[in-house]
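The first chain written gets the first letter, and so on, giving A, B, C and D; residue counts start at 1 in each chain.
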Amino acid sequence: MDKVTQSFEEIVKQIPDGASIAVGGFGLSGIPEKLILALVAQGTKDLTIYSNNCGVDDWGLGLLLKERQIKKMVASYVGENKTFEQQFLNGEIDVELTPQGTLAERLRAGGSGIPAFYTPTGVGTPIAEGKEVRQFDGEEYVLERGIVADFAFIKGWKADRYGNIVYRHTAQNFNPLCAMAGKVTIAEVEEIVELGALLPDEVHTPAVFVQHVLAGQQYEKRIEKRTVRSKGGEA
Amino acid sequence: MDKVTQSFEEIVKQIPDGASIAVGGFGLSGIPEKLILALVAQGTKDLTIYSNNCGVDDWGLGLLLKERQIKKMVASYVGENKTFEQQFLNGEIDVELTPQGTLAERLRAGGSGIPAFYTPTGVGTPIAEGKEVRQFDGEEYVLERGIVADFAFIKGWKADRYGNIVYRHTAQNFNPLCAMAGKVTIAEVEEIVELGALLPDEVHTPAVFVQHVLAGQQYEKRIEKRTVRSKGGEA
Amino acid sequence: MTARDVIVQRAVKEVQDGMNINLGIGMPTLVADALPAGVDVLLQSENGMLGIGPYPVEGTEDADLINAGKETVTAVNGASYFDSATSFSMIRGGHIDLAILGGMEVSQHGDLANWMIPGKMVKGMGGAMDLVVGAKRVIVIMDHVNKHGESKVKKACTLPLTGRGVINRLITDLAVFDFTEQGMVLVELLDGHTLEDVTAKTEAEFINGLT
Amino acid sequence: MTARDVIVQRAVKEVQDGMNINLGIGMPTLVADALPAGVDVLLQSENGMLGIGPYPVEGTEDADLINAGKETVTAVNGASYFDSATSFSMIRGGHIDLAILGGMEVSQHGDLANWMIPGKMVKGMGGAMDLVVGAKRVIVIMDHVNKHGESKVKKACTLPLTGRGVINRLITDLAVFDFTEQGMVLVELLDGHTLEDVTAKTEAEFINGLT
């Protein structure tokens, strides 16, 4: 049950060209930065990526974009990325925009054996085009499909060797959902702790959803929008 | 934002005859015992109860059954209760058996604005009778509906005055899901702690799902099946 | 007062003690700063947080603590963090009392367009489509006219919709409108603007509900 | 050995290091006690726990720590607790490697009936219907014949189904069968029973896969 391995380079070798990967993170917060770097280095192509955002030009999933490793992107917001814009306008990348709540629910559903569900989100908008719309109790809902990905990359704060994960603050975001949606989930964390050090009541992602655990060193954890107030003052 | 009130007797006055209530707990573990007792004392009738089990003859939801306050029971397992058996055979109570995972998901879905979802559970069994069965990717699935209840009764371990809840061990069970499914969720807990005493990363049920919080005294917390091993020995 | 100030100051009045509130990116975020001290609300952020506090004191920014606008924030006492699916359970499930969002166009039927301009780069809708269908009360705040002086309050939206018939109240720099079964109703004039002024600058048909 | 011992001892051999396992109520629970020391698995309980340990030492029972059979248990190091929806996400989503359940009837098509006898009081299916469709591998363990000597391994189940075509392997006190595209296959004789013996006591049609 020891799922800990050491090498990011080795662990991504199982990921073939054309694989689909659910990637945790929101903006640049809580992204699996080491796994992404390893995949960039490996040069794996034709990836389908499920992730809320697509990084920025020189960090996160933006690095995979830059190297043209992504064939299809399923996301709710890609507005921070000029590389994306360029490739989209050139028709080099396929994009499926999904409302954020629908994306979160699709990942959870796929990981939960739910192939499809109805949501009020997007009724009467371009998002509903080509999808089944159906009434329940007089209201309209769109049918959305669960997502199961070949792999998931997630970023946790701490893990034990069974693969139990705790996240820190809002770096949790999509990570638990990607962990559920991946057939093979690879977790990178800041610290691997002894079995028993994580209280069972505090575990966010139970071990059953995680297949591999790696500890990353010197996390960069970039901040996209540094907003502060002066000491003692207002924002 | 202070949701704390003192009187169980007062808080259940808002529950009218004919109300539907999602009730947390699994077996007798993590049941809102004080709220159930208050509702028994109030004598509210014709209730629809969503709960995994129905208590035992003299405890938990079994007390509501005994007083014939339940009109309809939606549950996955009611086998520990002779009163239930009697009322069922006499046609005095309506019962909708729902697989445990489907019940959990229906409560979460209802609380999440999802009116319906497809599940593989129950295909080809009596549970699928009268329900839509549909294929996705060559497999068959049953359409199941989300549950929204007029009220939810939940039992937590600790709460703050905003209504953030933490549960203890497997007493969590259906409580977070019932909290989501209730239009008005009433939480009873063993201890109310200062705001800030619950770490934001450890909160199980965020305050937004809870409308009222009460501290119960001297919890009975009955054990249904006391299984032990002798000291130092095997089970 | 600038148009922005007029809108934000008016929007603040929509906030009531005890509310759980989601504020959209941009102008709606300013509503948080304008809240009177001591108002007892919890601010939700759709990435997975309830109980947003002020921006951090310089030097204490935390990459693991951001809002939906990706800005560094702090947490109030009594805050909670959760995954994004739970966050949208709150939103879609009707547990958020109030959402205040920006708009590009609003129609007299309560439709909102605020995520896409055809021909321009698609950025994505983020959580907006979920918020407009899920929050108990949806308030849109925006300038009444665009930079060319054209009404953004339309008979029908020309831009792709974020949601259909989802708005409860619209607050612009000129006026406040409610969306009712009877139609769009002018309920308040702002900043000294007159009915004639508002009528001239509004393409949408509305009922005068001023008393 | 009793019939029960034969079945449980054989079922234990299905357990491999690294597995996440759900054991049903009754006879399957006995498999846990029969596991060899040091086997590296996590036992899941559908009420919301991964990492069930042994029964508690007398005097340390905790009403807040029970398994799906409502028995007091303990937790191993590395255990986790979670809500019942997450528990069934694990089960339905194919994250549980092995489920071992009891049975009332099994058909040659891999159908299972184990939750209801018409005319008798309905108790409910609990989590059984989710487990049989969700677990990666479903093993049913039961006596081969009922107390009247009638085969419980049928051409078709007469009782209402728990799941249709869901069983991977059946272990009885007489034999082990696999369910394949070709049909039900006898793969092992147990406790000195012969092919003739098993054939006589089996209503279902099966292929002899003994080598």
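Here, a residue touches a chain if its C-beta (ideal position, glycine included) is under 8 Å from a C-beta of that chain, and two chains touch if they have at least 3 such contacts.
Here the structure is a predicted model, which is why all the values come from computation and not from measurement.
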Intersection of contact partners for chain A and chain D: B
B-C or A-C - the one linked by more C-beta pairs in contact: A-C
Chain located farthest away, centre of chain C as origin (C-alpha): D
Inter-chain centre distance, chain B versus chain D - centres from mean C-alpha coordinates, in Å: 27
Centre distance in Å when chain C and chain D are each reduced to the mean of their C-alpha atoms: 54
Distance between the centres, which are taken as Cα means, of chain C and chain B, whole angstrom: 35
Set of chain A residues in contact with two or more other chains: 105, 108, 112-114, 119-120, 167-169, 172, 200-201, 204
Residue numbers of chain D (touch at least two other chains): 49, 75, 81-82, 85, 88, 91-92, 133-134
Chain-to-chain touches, reported pairwise for every pair that qualifies: A-B, A-C, A-D, B-C, B-D
Of all residues in chain B, those that touch chain D in their complex: 26-30, 52, 75-80, 85, 88-89, 95, 97, 99-102, 104-105, 107-108, 119-127, 157, 167-177, 204, 221-232, 234-235
Complex contacts: residues of chain A adjacent to chain B: 105, 109, 112-120, 136-137, 139, 141, 145, 166-169, 172, 200-202, 204
Footprint of chain A on chain D - complex, ascending: 17-18, 20, 40-42, 44, 49-51, 75, 77-82, 85-86, 88-96, 133-134
Chain A contact footprint on chain C (complex, rising order): 33, 45-49, 54-67, 69-73, 75, 81-85, 87-88, 91-92, 111, 116, 121-130, 133-134, 160-165
Chain B residues touching chain C - in the complex, by the definition given at the top: 1, 108, 110-114, 160-162, 164, 180, 195-196, 198, 200-201, 203, 206-209
